[in-house]
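Pasting the structures here.
You will see two complexes here that share chain A, one where it goes with chain B and one where it goes with chain C.
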Partner chain A sequence: MGKMEKELREKAKELLESGEVAVVIGYGFNRRKTRVTPVFITDPAETDKLVFNALCVNNLSIYLTRKYKDVQRIGRPAIVAKGCDIKNIVVLITEGQVKREDVYIIGMTCEGVAYKQELLKEKLVPEIMPVKCHNCDVRNPHVTDTVIGEKSDFTPPEEPTGMVFDKIKQIESMTATERWDFWNEHFTRCIKCYACRQLCSLCYCEQCITEKNMPQWIETSAHPRGNLAWNLIRAMHLAGRCTFCGECERGCPVNIPLNLVNQKLVLTVKNAFDFESGYDENVHPPMIVFKEDDKESFIK
Partner chain B sequence: MSEEAKAETTDSKESFEPKIMAFVCNWCTYAGADLAGTSRMEYRPNVRIIKLPCTGRIDPLFIIKAFENGADGVLISGCHPGDCHYTTGNYHARRRWIAFKDLLDFTGIDMSRVHFSWVSASEAIKWVELINNVTDDISALGPFMDFKRLNKKEAE
Partner chain C sequence: MTDRYISKESLGTLITTVNKSGGRFVAPVLDARQVVYKEVASIEPVVDDYILPRNSYKEVAFPQTEVIYKYELNRAGVTIDPVEIEARETIVFGARPCEAASLASLNSVFTWDFIDETYTKREERVVVLSVGCINADDECFCTTVNLSPKSTTGSDVALYETDNGYIATPITDKGKAFVKTYSASFADTPKGEKRKELIDPEKIEGVDLTKLGETLAKTENYDNPKWAELTRKCCGCGACTYSCPTCHCFDITDEGTAFEGERRKNWDACQFDHFTLHASGHNPRDTQYKRYRNRFMCKFHIYPTKFNSTGCVGCGRCIRVCPVRLDITELMEAMSK
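Let's turn to the complex of A and B:
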């Protein structure tokens, strides 16, 4: 990884010195060098802080949204992004949140990251990689201004595999009552901390539906009824948009398997509308367009 | 019908009268229901109609909210594809329902309690049949205990 970091730092320095960007959003080590955290580099002399390794699981695209006005205020950003993060940036572009020319994307080729930073001991092994890495088709980033790192020759399996997909199949084979019990067991734990929303770069509404209280659409107390409504509606609001970056599940303090609902909707949208989000910045998201011959069998 | 559901229905008289929420569009289904009314057609009184400008206005949250507030069934109805007063509202709504239906099904909400239909302004007979059929279906299923039980739960 040493060579990659060197290239990254040189590129960042060059961008900042030329004034092409005002800030480089990237990853940097904490003091004990055990974790990486987001860093915002504005001074060319400080570009040595930038790192890139298997700890870099965070999705930094969130700093491009209007949730982070103080980051936007600095000026034109360059962002260090893996292929999966670029998918989120692409969705932000299709939804008019960011203009393509307003962000400089430093695409990093990637051989997978650790699902949780604390799991990484010395070497990255497949067991600690998230499901998205095992099925990744963007290890060579797809929408970039510059690419850093050697080309990856990884080919994802034809049928997506991994725990999330197995679990979805298992849930689908359950009866409705079993599914209801399964999800209620998980949703009951929800403490309405809204970490899922805060982490998500696609949850950028300035006023979330859960904050609307005239009338109160979603109960704010951590009651199972409101928890169900909240988690269903958040999943629904991400339908056709979620890129399965997995940040919501990673951040959930009570380990609700949010990847399952989100990935289920990703699959639904893929089957019904033949659309996968995050690949092409020039097409509309599927929920704002339609086809006259959309197929359904349940409207009588 | 489960034991618990039976106990609940026997408490409140022998026969169970389901509560059905209907979210309908102003231009087609509501006009169809109105035609049924002005033509003096009779149908089951179990349905409570909420009129909205367009099926595109029907937020998935309405369905959840209806169940939270004690509905035993939900009916959603609007203009046939191509007939939307606002040209494309029902196409957008249809997309949304395709995704939402899968999500509800996946989380174990009984999909036999959610009905979708296209009813135009002239289809008063279809509306009457629809309401009667939906009411029969939901009566046979009994009260929607999943949500009713959820309401009684304490926050943990």
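Let's turn to the complex of A and C:
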């Protein structure tokens, strides 16, 4: 057990014993101790189940949303969160989904995680880390109630780099037909399991647009037309909000490169509004604010 | 019928012959960095180094989406055009013995009170060529549900890997007829070709299917707090159900306008929050653990008691694919106590 885990368990125990929180949402091992899985600790005696390592890929902030009524029923939560996970909590706060004081954020300093748990063999090597980790500017978590771990001195590259960025450039240079074919090829594989939506803490709607069936706005069939409609509508709904946590791509059972869509959205919003989501819980995302000095006239 | 042998070369010929005679040949291929069952026209894309394909081959008889009929409304009235069910001979090659047991389970659902011809007509034409496993991974648990790489339930022809091909043991009449029809591809086993040893995955000690069944049969266990404790992490996607070889739920949806369109039968998942939503707005399964409990009960209580069939074949797909790593065997263990 590392020093971080020890500190984490002590903190969790203290929070539960004092009654400051009713549940600690964190990571724990499976039976074989080969993978980690989300755990909900309510008993101070069980805080030893908490772990923190490079397998801790899940963004646990989904459990703070209103979709998880039975988690909310337990009481005030503390959440074990990496910097990237905190970005999502920040968006939830700015969108009025969570009140800052209603969640205790245990920020974990992080040296990166694996892109998928099954890739991690002995130790974390750069090749198996997702692009977000290579460009991470929140290895020292930014919005927290307490921070666990030594300060990271990692500085992200000036210009974000990695496969996702290279691929985006490549797609941008394609003709419209080539782009259409590229995306159709990937979206055709979609099986409409909605893992992308379910793993996204910003997809917190209790009734998703695909579930509005009078009339049926988005065709639910997993045929190319329905798949394209679904993937595009989800992308649009995340514009200016997505923090590029990468959970949708990680969870996709058919390997659709959703990170390309999301990072493109992040770049577009950054260029248009000079805004990046997930950093400041007091700044509202551009798509939900109205400004009198908006340069576009249609809104006035 | 005695054992036959099919070399890798003859397998290639078999694939082209099946295709030429208008049949489908479905085999494990590599697609988007994962092994999946797909239709093939030649042997080139077929892979043999895999544990289990990501998808289940149930989709050859129960496609993810299909048109049941088309409708049109005009001045003359309503016309409904039923869609002919396209039931071609379909050969599934490389199925694992665990999964082969699943079509029988699906059969019992689709023929229970109503014969669902969209399923049965296709299933009748499916020939399953299973290949015994020489490898397994941590997620495999066939032996825990009383199956094993040696099982032949549901296989029409059981194949066993050798160095240069497969030894073929016809199991069912369908399998025997298949070997006869395509006898040119089969031969006597050459000298020196021996079955590779099958793996024997370790049984999970804490699981006792009888006790598990008893626990689930008792109504007082329906509200056991363990359900919530162990499964509230479920994120409510349909990855497990859509990969599962025995999950069979579907939804009927109309696509088109009020004047013309089609009625479709699409896969549905009991893990979705709207699955049980009533028109009144009431949802009897209002939290995720209740939905997970339903899926678990379906596998280990409803299937065995109502259909006397296997609800879970231990293929482990739901564990591999789960984005929150919810391990069904951990629940099986907890409910065996």
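One rule holds in what follows: the second predicted complex is superposed on the first by the 288 of 300 C-alpha atoms of A that agree within 3 Å, B and C clash if a C-alpha of one lies under 4 Å from a C-alpha of the other, contacts with A are read in each partner's own complex, and residues count from 1 in each chain.
Convention: a residue touches a chain if its C-beta (ideal position, glycine included) is under 8 Å from a C-beta of that chain, and two chains touch if they have at least 3 such contacts.
No experiment lies behind these values; they were computed from the predicted model shown.
Q: Is A:G162 contacted by the first partner chain B, the second partner chain C, both or neither?
A: Touch partners of A:G162: none, neither chain B nor chain C.
Q: Now for A:A239: first (chain B), second (chain C), both, or neither, which partner does it touch?
A: The answer is first: A:A239 touches chain B but not chain C.
Q: Tell me the contact category for A:L199 with respect to chain B and chain C: first, second, both or neither.
A: In the superposition, A:L199 touches chain C alone.
Q: Touching A:E178, do we find chain B (first), chain C (second), both, or neither?
A: A:E178 contacts chain B only, not chain C.
Q: Output check: A:T188 vs chain B and chain C. Expected answer is one of first, second, both, neither. What do you get?
A: In the superposition, A:T188 contacts chain B only.
Q: May I ask you to decide whether A:H223 touches chain B, chain C, both, or neither, giving the answer as first, second, both or neither?
A: Touch partners of A:H223: chain B and chain C.
Q: Considering only the touch criterion stated at the top, classify A:V261 as touching first (chain B), second (chain C), both, or neither.
A: So A:V261 only meets chain B here.
Q: Where does A:F298 make contact in the superposed view: on chain B (first), on chain C (second), on both, or on neither?
A: Touch partner of A:F298: chain B, not chain C.
Q: Find the residues of chain A that appear in the contact set with chain B and again in the contact set with chain C.
A: On chain A, the overlap between the chain B and chain C contacts is residues 189, 221-223.
Q: Under the touch definition given earlier, write down the residues of chain A that touch chain B in their complex.
A: Chain A reaches chain B through residues 171-172, 174, 176-184, 188-189, 209, 217-218, 221-225, 228-229, 232-233, 235-236, 239-240, 261, 264-265, 268-269, 272-273, 286-288, 290-292, 294, 296, 298-300.
Q: Give the list of chain A residues in touch with chain C in this complex.
A: Residue positions touching the partner: 30-32, 34-40, 58, 62-63, 67-71, 117, 186, 189, 191-195, 197-199, 206-207, 211, 213, 216, 219-223, 226, 247, 250-251, 253-255.
Q: If we count contacts the way the header does, which residues on chain B are in touch with chain A in the complex?
A: 60-61, 64-65, 68, 81-82, 88, 91-92, 94-111, 115-118, 130, 146-147, 150-151, 153, 155-156
Q: Going by the contact rule at the top, pick out the chain C residues touching chain A in the complex.
A: Interface residues on the chain C side: 31-34, 54-55, 64-65, 138, 228-229, 232-233, 235-239, 241-243, 251, 253-255, 264, 266-267, 269, 272-274, 286-289, 321, 323-327, 329-330, 333.
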